[in-house]
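For reference, chains read A, B and C in written order, and residue numbers begin at 1 within each chain.
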Amino acid sequence: MKWKTSPRRVIIFIIILVGAGSMILPFLWMLSTSLKEANLVYTIPPQWIPKPVNWQNYKDVWTASNLLTGIKNSSIITIFVLLFSTFTSSMAAFAFSKLTFPFKNVIFIMLLSTMMVPLVVLLVPQFVIYSKIKWIDTLLPMIVPASLCNINVIFFLRQYINGLPKELLDAAKIDGCGYFGAYWRIFLPLCKPAIVANIIMLFMTTWNDYFAPLVFTHSESKQTVQVAIAMLNSHFIQQTNIPLMMAAALIAELPVLILFVLAQKHFTESFAMTGIKG
Amino acid sequence: MRERKNNLKRSESIAGLLFVTPSILYFLVFFLLPIAICIYASFTNWNILSPNRMFVGLRNFTKLFADPKFWKALENTLFMLIPVPIYIIFALLFGYACHKNILGQKVFRAVYYLPFISSVVSLTLIWKWLFNAEYGLVNIFLKGVGVENPPNWLGDPFWTKWMIVLMISWKMIGIISIYYIAALKAVPRTIYEAADIDGASSLQQFFSITLPLITPTTFYLLIVGLIGSLQTFVEIQMFAPDGGRGYGVATIVFYIWQKAFSSSQMGYASATAVVFGLFIFALTAIQFIISRKWVYGGE
Amino acid sequence: MKKKVLVLVLCLVLTLGAVNFTSYGAQNSSDENVKITFMGWGTDAEIATYRAMIDQFEVAYPNVTVDYITVADNEFDTKLQTMIGAGESPDVFYCSIDNMMKYAATGNLYDLTTFVENNEIFDPNNIWEALINRYRYDGENQGAGSIYALPKDVSVFPIVYNVDLFKAAGITPPTKEEPWDWNDYLATAEKLTSGSGNDKIYGSGAYSLESAIWSNGAEWVDQETLTTVKIDDLAFIEALQWAADLSLVHGVAPTTTETQALNDYDRFKQGKVAMIGTGTWSLGDLWANTDFEWDVMNWPVSPNTGKSEIWFGSAGLAVSSVTKHPEAAANLAAYLAFNEEAQRTAYTNGQAIPTLKDMAKGEYQEFEKAPASKDVLIDILENHARLATQSRTFNQEWFAEFNSNTAAVFNGEMTAEEYCTSIKPAVQQLLDDSIEQKKEYSAQ
């Protein structure tokens, strides 16, 4: 690739540079604040590099908050959802793309319609259902529905599988594979790049979910990482400790950040491959 | 032969249905059933603290429409649509620049995705601190450039709302640009080559070729963005736990949440949810109708 | 039913043999081990205190294990309702006076009347008058009928002041005999206000609206029937305006913007404001997080009436109506509320005033930690404190409505008069709703 230079390109470059600055600045500020002593944050002009650098917050945060339990619970939820949801959704996507069965389109449109209904409509009745089946204050409301079906993933993978030749299915059948075999041995491996991209997305939405655990759990032992951090926000109304909050928020960010850095390439590539054509 | 074909067809049908069974299960248990319960509950005076409930007809609905807070919340909810065009335009700009291979685009892209992969909870914590009226970076900066009375971002609902608009736009630009980068790649090169021969400037090309050809993407993003924006909740709950001064920040979802879980009026909250669901549905339908006028249809 | 009989029998046995609580506990130890959940809120200091008190309880009642859940105070009620809605109510929980009627009317609170009557768990003469009947409810009104909770604490809301700043400015605090009036308070605050930027020190924090309004002889709602909003009375408007003018006109209190940036309480802890109103529940936190000397004083009197009023607070300890272990749960509530040992733990950890009068007036006065003027707290509680009006209505939405908008007066967008006149219909509407809700919930 050659880099062309023209005044317009330079202006655009500067705009984007400024934009990038605004994207990253809040995070640097978060880092800087998390390394300060509690009272030091209330000085003007602000210090970018804290004097002294105080790592204490990163120690204290584990006792001052429920972060450890939160990380444990969020990890459990995320692992289950990733495993099951990838499986069920890719299977459904395969069926919608390559198989013919009765009511296929009706079912697909039904599933798509779930995207149109605001989640909050479901909130109260879901709460009722979960309390009837004793799921309140367990991790199940965050795991089970998400594991059964993720319409975004189905939609996305269906597009992807649409791009794979139908002959693969016929070939598989000739080789004596059943439909499940065809899915499991042929199509699933071929979907790997798309699945990796989806795993990042799923990881992100599951790990970052706040609404469901807020409503469906209440004891400290069932808190997820986001609820634990949000608790810091309300617990400290009378005793604000901003550096501690920043430290907690930063710790909670790390897993997603690491995964993203590791798999960034797949993430953008898959989008490019499928394209979004609605 | 024919029988065999029928057999094959039947086994394919069975396999297909089996493969989508979890999805159907999800649809029935976690979607259809809740909607049915919601509609039923909207006609009752059910409160969370008491096992007894009775039918009250349309009372929840008449009370809802008479509640000034509901209308205030609706107004605020519509306000939350403002970020959608903002981030779409900026994402397109950024996506276009990346498409044209701007210097350092890989680094830029990673940086632009950063806000999106962060959780709303973390982001609101950072923003609360950034926009602190006295000690926040933003106001210190504003004072530095000569603004005498920078806004009380978290205390004044007007500014809180704008701050949320800014935050959502900021958060979304990166991820939305991915969609545009993909869409831009899909535009066939030959069309540009033809335009080059006709002597169209690159600006003209952008407006008369690129923009129309990526309208399906724009439409998709608008629909998804609309549905998402109308459901803004966590930001409100974190920035203004009581809905803000004069209920000036509360959205409908916040209103529903408050009614259901703070005031314990589950029936009333369900009625609100039903009304709001219909409202979103209507808005989306209107978008689809209008879309015929501007979305590019065929290839 | 069976459980009630069990409790009755148990109580009978106990009243025959038990005189004081510890021996009662020892005899109570049936073989069955029970586990109960207890949910509360609080600052770190309060949580630590309750952990200590629970440990003591578990020693006294070796067969009972307590699972202590804590929730942020502003989310507590939401959480509790959700748990009740899901059929998973904790066995014992904090129940603020504000919400007591709501939970009692919907049948979620265990009726403790028999338990109290059959056990000498407290001596009525040794409990603050203000508390005794607070947690009774007869389906219509608070203050009479069955007992639905035991008072976990009693707290008052004095002015806390920075003694170092007072000394530096040569100010003598008011005394019981010679109280300040509003003008004295303002003059003092002016003397104490100094500096700018990082060194800005304010004389006063936001002034308690309850104190200003009640002391001036005004009310939010008529006290007889609790049905009519009276916020457009002249005395009410005058008091609100006076409180707002501390910052607006006189500049002796932080502006609303500054309060938003750093609240009065944190500002006080940093030595940047000299006088603030705060509840006695913060004592423990102030011990730990201040490096100057501080003390408490009573609120100034209104120059128009010559009297001074402020609210007292209390939260109750309620037992769930669906608990599987009512006797263990009731024992825990009673222990935390009245046990001498537990009350001692509470005050030595900075939790408010002992619920037991003799302890509050006796050993607590000798206690070495701040504030020095503990008699002021007792004086406020006995002579100047009352239950807040919003605690006596079925819900508090009308009061929240009023409060959530007062910033408009404090930042000068509106005068107190404009504000009170304009918001009155909305507040009245919500008060009417509250009355209607009471009828509906009670009928269910």
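Assume a contact is a pair of C-beta atoms (placed from the backbone, for glycine too) under 8 Å apart; a residue touches a chain by one contact, two chains touch by 3 or more.
The structure presented is a predicted model; accordingly, all values stated were derived computationally and were not measured.
J.: Chains in contact with subunit A and with subunit B: which ones?
T.: The common neighbours are C.
J.: Write out the two chains that share the greatest number of C-beta pairs in contact.
T.: Looking across every pairing, the one with the most contacts is A-B.
J.: Measuring centre to centre with CA averages, how many angstrom lie between subunit A and subunit B?
T.: Each chain's C-alpha centroid was found; their separation is 16 Å.
J.: CA centre of subunit A versus CA centre of subunit C: separation in Å?
T.: 42
J.: Could you check subunit B for residues that touch two or more other chains and list them?
T.: 134-135, 241, 261, 266, in rising order.
J.: Which residues belonging to subunit C are in contact with no fewer than two other chains?
T.: Answer for subunit C, listing residues that touch two or more other chains: 74, 82, 85, 262.
J.: Which subunit A residues touch at least two other chains?
T.: 42-44, 127, 215, 234
J.: Quick one: which bits of subunit A touch subunit B in the complex? Just the residue numbers, please.
T.: Touch list, subunit A to subunit B: 1, 3, 9, 12-13, 15-16, 19-20, 22-27, 29-30, 33, 41-46, 88-89, 91-92, 94-96, 99-102, 104, 107, 110-111, 114-129, 145, 147-149, 151, 154, 178-180, 183, 204, 207-208, 210-211, 215, 226, 229-230, 233-234, 242, 245-246, 249-250, 252-253, 256-257, 260-261, 264, 267-268, 271-272, 274-278.
J.: Subunit A touches which residues of subunit B in the complex?
T.: For subunit B paired with subunit A, touching residues are 9, 11-17, 19-20, 22-27, 29-31, 33-38, 41, 90, 93-94, 97, 100-103, 107-115, 117-122, 124-130, 134-135, 137, 140, 170, 173-174, 178-179, 181-183, 185-186, 216-217, 219-220, 224, 227, 230-231, 233-234, 238, 241, 252-253, 256-257, 260-261, 266, 269-270, 273-274, 276-277, 280-281, 284.
J.: Which residues of subunit B touch subunit C once you look at their complex with the stated criterion?
T.: 45, 47-50, 52-53, 68, 132-136, 152, 154-155, 241-247, 261-264, 266
J.: Residues of subunit C touching subunit A in their complex?
T.: Its residues touching subunit A are 43-44, 69-75, 79, 82-83, 85-88, 197-198, 262-263, 265-266, 270, 282, 285, 289.
J.: For subunit C, which residues are in contact with subunit B within the complex?
T.: Residues of subunit C touching subunit B: 74, 77-78, 81-82, 84-85, 102-103, 106-108, 256-262, 395, 397, 400, 404-405, 407-408, 411, 426, 440-441, 444.
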